[in-house]
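The structures come next, written out as structure tokens.
Below are two complexes that have chain A in common, paired first with chain B and then with chain C.
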Partner chain A sequence: MELKEKLVSSFLAFESTVDVKNPLHDIRTKAIKDFEAFGFPTKKVEAWKYTSLNSVLKNDFALFPKSEVAIEYKDVKKYFIHDLDTYKIVFIDGVYSSHLSSTTHDKFDVCLMSSALTQNRFKAVIDVYFNKIAKQDGLVALNTAYSKEGAYVYLPKNTAGDKPIEIVHFSTGSEDAMLLQPRNLIVVEDNSEVTVIERHQSLSENKTFTNSVTEIYAGRNAHVDYYKIQNDTNSASLIDNTFTDQYDHSVASVHTFAFGGEITRNNLNFTQKGQGIDSILNGVTILEGKTHVDHNTLVEHTEPNCESHQDYKGIFDEKSTGVFNGKIVVDQIAQKTNAFQSNNNVLLSDKATVNSKPQLEIFADDVKCSHGCTIGQLDESALFYLKTRGIPEKEGKALLMYAFANNVLDSVKIPQLKTRINALIAEKLGVSIGFDL
Partner chain B sequence: MSKYTEDDLKKELETKEYEYGFYTDIESDTFPIGLNEDVIRAISAKKDEPEWLTEWRLDAFKIWSEMEEPEWANVNYKKPDFQAISYYSAPKKADPNKTLDDVDPELLATFAKLGISLDEQKKLSGVAVDVVVDSVSVATTFKKTLAEKGIIFCSISEAVKEHPELVKKYIGSVVPKTDNFYAALNSAVFTDGSFCYIPKGVRCPMELSTYFRINQSGTGQFERTLVVADESSYVSYLEGCTAPSRDENQLHAAVVELIAMDGAEIKYSTVQNWFPGNAEGKGGVFNFVTKRGICENNAKISWTQVETGSAVTWKYPSCILKGNNSVGEFYSIAVTNNYQQADTGTKMIHLGKNTKSTIISKGISAGKSQNSYRGLVQISPRATNARNFSQCDSLLMGNECGAHTFPYIEAKNKTAQIEHEATTSKIGEDQIFYCNQRGIETEKAIALIVNGFSKEVLNKLPMEFAVEAQKLLEISLEGSVG
Partner chain C sequence: MLEIKNLHASIDEKEILKGLNLSVKAGEVHAIMGPNGAGKSTLAAVVSGKEDYEVTEGSIELEGEDIGELGADERAHKGVFLSFQYPVEIPGVSVTNFMKTAINETRKARGLEDMPARDMLKKIKEKSELLEIDSKFLSRSLNEGFSGGEKKRNEIFQMAMLEPKVAILDETDSGLDIDALRIVANGVNKLKSNDNAVIVITHYQRLLEYIVPDYVHVLHDGKIVKSGTKELALELEEKGYDWIKAEL
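Here is the complex of A and B:
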């Protein structure tokens, strides 16, 4: 059976696991109809021109895990930022793991979507924010239809999260192929602040396909820092749909570190709904093997005096493919907008491919908008210089690549996280030098 | 050049209407409207074409009938009704054996009004002009001078008769019938155009140029241009266009094919100033053009275009860099005002080793217009050491227009070096203030700044065109200053 039909027909089975009398369920029933109408995107859709899901969709995915698998903390410790005190929301095969997690309801809420969707005390927030900004294309509609579990973070006005929040999804490989659809909601009200680190990790070579949707609200003067670590095995695919709405003078940044995965697609959407807003989208992609990473960004400037900054660096080796599809829209009323977009790529192999499509759609005249895109190689003379100083070629190359990505790495605000990312890069490049020189 | 700006601009500004909008009453031999196989056979018969070309047209028509009109471009317009167009229209007095004296005096007056008097052109500028009015070539000059060098420069229908082997070999070799909707339509119904062949090692001594005009109401113009530059030859080809004012939309679907063999160089320059529609966006020409060139080893093709006219423009002059060390260039200025829409850009397909391409695109939008750059840079896996530099700058005048950039960059070779940058901005208040301070009034200051903005492209135009282009820029933007 085609995956699409399977998903549509399995919806009945899914309904038996949720409260169908809850008014929220209407959203799900509408969404499954939308999904039935839209289906999965194909390469004929302009936004999916360079990414085909066919190889992923042909798998026979299990939609609900049959059994619960327990994981010991010591086995997965390395996937956490273990030297950093954090709130943790951990899922194993899409099921919440209470013994690995550490949540709170003190001053602010860091808990589960399943609680938030069902318990009355969260109703006020859910009614205002849940599924309000996610644009319902086929994949988002599919996630909405099956929305049940995920992370729920709510910071009321004037609250600063005292420690970062880690959201980790493990897939254990208890099924041959598993489809996961986490649904996250991050609400940061006026003058509040939060930092989130999200990670998806397969613990086996079995196929995992994650279709995740995250909605983020940044109220006035709010600060949101969101880090995504995508260093999954080459049997895991991830579609990350993130929607961010920002209000006056808020600053929201999303940093994506994509180091692996069969197909990784990041749909990052920012809508600026006030003045004096800053949106920051950063990414480092380092790939080898037969992997594919697609960054699809959209920043909509709908009010005057805002800024957006996009900086994506990519290093592609072996048979990897990198796609950057960035779009900036400046509405007629959004005067004095400053929007910048930069995409730099290094190709290391003849089999590697880079497709870049940086787009500007501008309807206002008093703006400064620019984009730049480069594709090139490491500088031979710089490499030679390093060799003359006794640095071996491999390490020299690694240093140059690290320097290439450094702009983005510098924007990581948590030192422990930065160390971890540096270590990941060193591992990726096969060198054992610390980059914190 | 500055002398012109001082004196003439003022005059131009007084006559705010589209100055080339007049209609010459020449009795035309026009087909009834509609398109079917019979019409195509009739066109072919009328032009006394060989069997293979008739079949070629019919084949193209079959392909076209199965195609759908493309919708991906960033333009909105009412689709033309292809059955409401007459596909053939020729001035009745046209005679294959005519000389300049035989040309209808009224027609000559038309050209005089456009400032392209043939006699003057002939004597003063040394440009050979192959004049096209409503699809049939009426006068070809300087043929003799060119013939001495072995250069063939004639209308494509003449070429079909006199050099069928060349036409048969190259027509459709760069833009196949199946390429796209409008190219297929053109292949089926093209009525005339220019053909140019430069033999091996010959440097064409003069700029070749064609002037296109759409004259007859309700007739579409389907030009077919084929330029073949044999090994190590050089040619500079100019194409300039004006069209009379009309209320109903006129369709123009041209195909231009360039073939640059080993070591050859083709420079193709266009100034396009068709009727853009009036200030309310009524009327105007639909310009759906397919232009493409192929470069063999060490060859070079350079496209330069100044686009100020047409209600809707859909045009992507492209280079296929097939040979090693070949070079492709694209220099463009696209100006849109009032309700004009332009979706233009280029494709650089790098196939050979050490291929280089440069793209400089300047978009200027004013009024309520929409101006898009859409380009593709593709580096194939075998194109080692390919190099591309792209720059797309947009200038916005007023807050009701839009400027858009849709670049596609695809690299499949690790030695590729690609740079792309785009900026969007408006004319700075400080720049205007600086000019005002020095006694230059605002309107003139803007002309000056726009000129500076477009300089990189204007410099690439042949001298005669540079003047005309500068003039066009100013006329197109007048009254757009808020």
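Here is the complex of A and C:
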């Protein structure tokens, strides 16, 4: 049976696990119909021209884990920012792990989507925001239809999160192939701020396919920093659909560190719904083998006097492939918009490929918009210079790559996270030099 | 210290060095002069290990060891240093951290532990003062947006940090005003000892007023065609190179 049919026909079984009398369930039943109509995207769709899901979708995915697997913290400690005090929402094969997690309901809520969707005290927030920010396509509809679990973060007005929140998804390989569909909602009301670090990690060589949807609401003067660490095994694929609505004078940033995974697709959407907004989309991609990463960004400027900044750096070795498809829309009313986009790539091998496609749709006449994309190789004369100073070839290349990505790395605000990402990069590049540039 | 014998080197099958001989002993300063296209910069690149050049004949020995087959990094570990005519800009890497990496990689190759951070800072401070380099300058990206003078001072600063056995200064005087020239030359002179050697490649006699050579060589068409003492440099300054070509 094809995966699509399986997903449609399994919906009945899924319904037996949720409260179908909850009015929210209408959203799911509509969504499964939408998914049935839309299906999975194919390469015929312009936005999916360079990314095929065929090799992933052919697997016979288990939709519900049959057994619960326990994980000891010491075995997965390295996947956390363990030298940093954080709230943690941890899932194992899609199931909440209370003993790895650390949640709160003190001044704000850091908890489970399954609680938020079913308990009365969260109803007011869920009714206003759940599934209101995400734009619907086949993948989002699929996630919505099966929405049940994920992270729920709610900061009421004038609240600053006292420590970052880590959302970590482990897959254990308890099934030959597993489909996971986390659904996250991050609501940051006026004058509030929060930092989130998200990671998906497969602990086996069995197939994992994650179709994640995250909705982020940033109210007036709100500040949201969201970091995504994508450094999964070559048997894990991820489609990350993240939607951010921003209101007046809010600042929202998403950093995506894409270092591994079979196929990774980031659908990153920002909609500016007020004035004086700043949206920041940064990414570093470092790939080798046959891995594939596709960054598909959309920033919609719908009000005047806002800014957006996109800076994506990519380094591709062996047969890896990268895609950057960045769209900026400036509505007619959105005068005095400053929208910047930059995508720079380095190819380390003749067999690596990058497709970079900026799209600007500008309907206002008093704006500053720029985009630039480069695809090149490492500078040989710079490498020779480093070698004459005693820095060997491998370390020299690593240093140049690190320097290439440095301005994005530099914008990471949490020192412990920066150190961790630097270490991941050093590990990937096979060097032991401390990159403290 | 450095023995170059019958060195032939070519790039893209074009022969640039055509049987060059040079013997440099510890404690000596040698100047290599010559018209454009004589092969001066090629000599610097080949000795320091640039892979674009193919050595077809001859040998390069450092303290009796053939270094001709070694990579540029390995030659650096053995004590070869090249001050670039055009230092490369590397955005995103600060001067300080570049120097730390270079020194610790060299130490690693020599079987030593990383230099303790305090010693490193002390050394950086001492050597930057020698070159009259401001501490703010050290946190800037390597060579990015540096003036010509700053780039050359930074080269000699690196030489001071790495303490090479043989330093080749390729057109270090080009693009320098008189003050920067004095600082650079003063730095080189202070680094000179009986245990190291300096090869100054230059077009003009000017630099040699500050860094006084023991020997002056004229390079022409890939070979050293005339050698002498510092007076030869003055003669070249006065008469140009044509009289040497005529002598051949």
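Here, the second predicted complex is superposed on the first by the 436 of 437 C-alpha atoms of A that agree within 3 Å, B and C clash if a C-alpha of one lies under 4 Å from a C-alpha of the other, contacts with A are read in each partner's own complex, and residues count from 1 in each chain.
Everything that follows uses one rule, which is that a residue touches a chain if its C-beta (ideal position, glycine included) is under 8 Å from a C-beta of that chain, and two chains touch if they have at least 3 such contacts.
Computed from a prediction, not measured in an experiment: that's the story for all the values here.
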item: Chain C versus chain B on the shared chain A, clash or fit after superposition; value: fit
item: First (chain B), second (chain C), both or neither touched by A:L399; value: second
item: Residue contacts on chain A - larger count, chain B or chain C; value: B
item: Touching partner for A:P23 - first (chain B), second (chain C), both, neither; value: neither
item: Touched partner set for A:N407, first chain B, second chain C, both or neither; value: second
item: Touched partner set for A:D379, first chain B, second chain C, both or neither; value: second
item: Which of chain B and chain C A:K387 touches, first, second, both or neither; value: second
item: Touching partner for A:T353 - first (chain B), second (chain C), both, neither; value: first
item: Touching partner for A:F363 - first (chain B), second (chain C), both, neither; value: first
item: Minimum C-alpha separation between chain B and chain C after superposing on chain A, in Å; value: 16
item: Residues on chain A lying within both footprints (that of chain B and that of chain C); value: none
item: Touching residues (chain side chain A, partner chain B) in the complex; value: 46, 332, 335, 345, 347-377
item: In the complex, chain B residues that touch chain A; value: 72, 379, 381, 394, 396-426
item: Chain C-touching residues of chain A, taken from the complex the two chains share; value: 379, 381-382, 384-393, 395-396, 399-400, 402-407, 433, 436-437
item: Chain A-touching residues of chain C, taken from the complex the two chains share; value: 48-51, 71-73, 75-77, 80-82, 84, 87-94, 97-98, 101-106, 109, 141, 158, 162
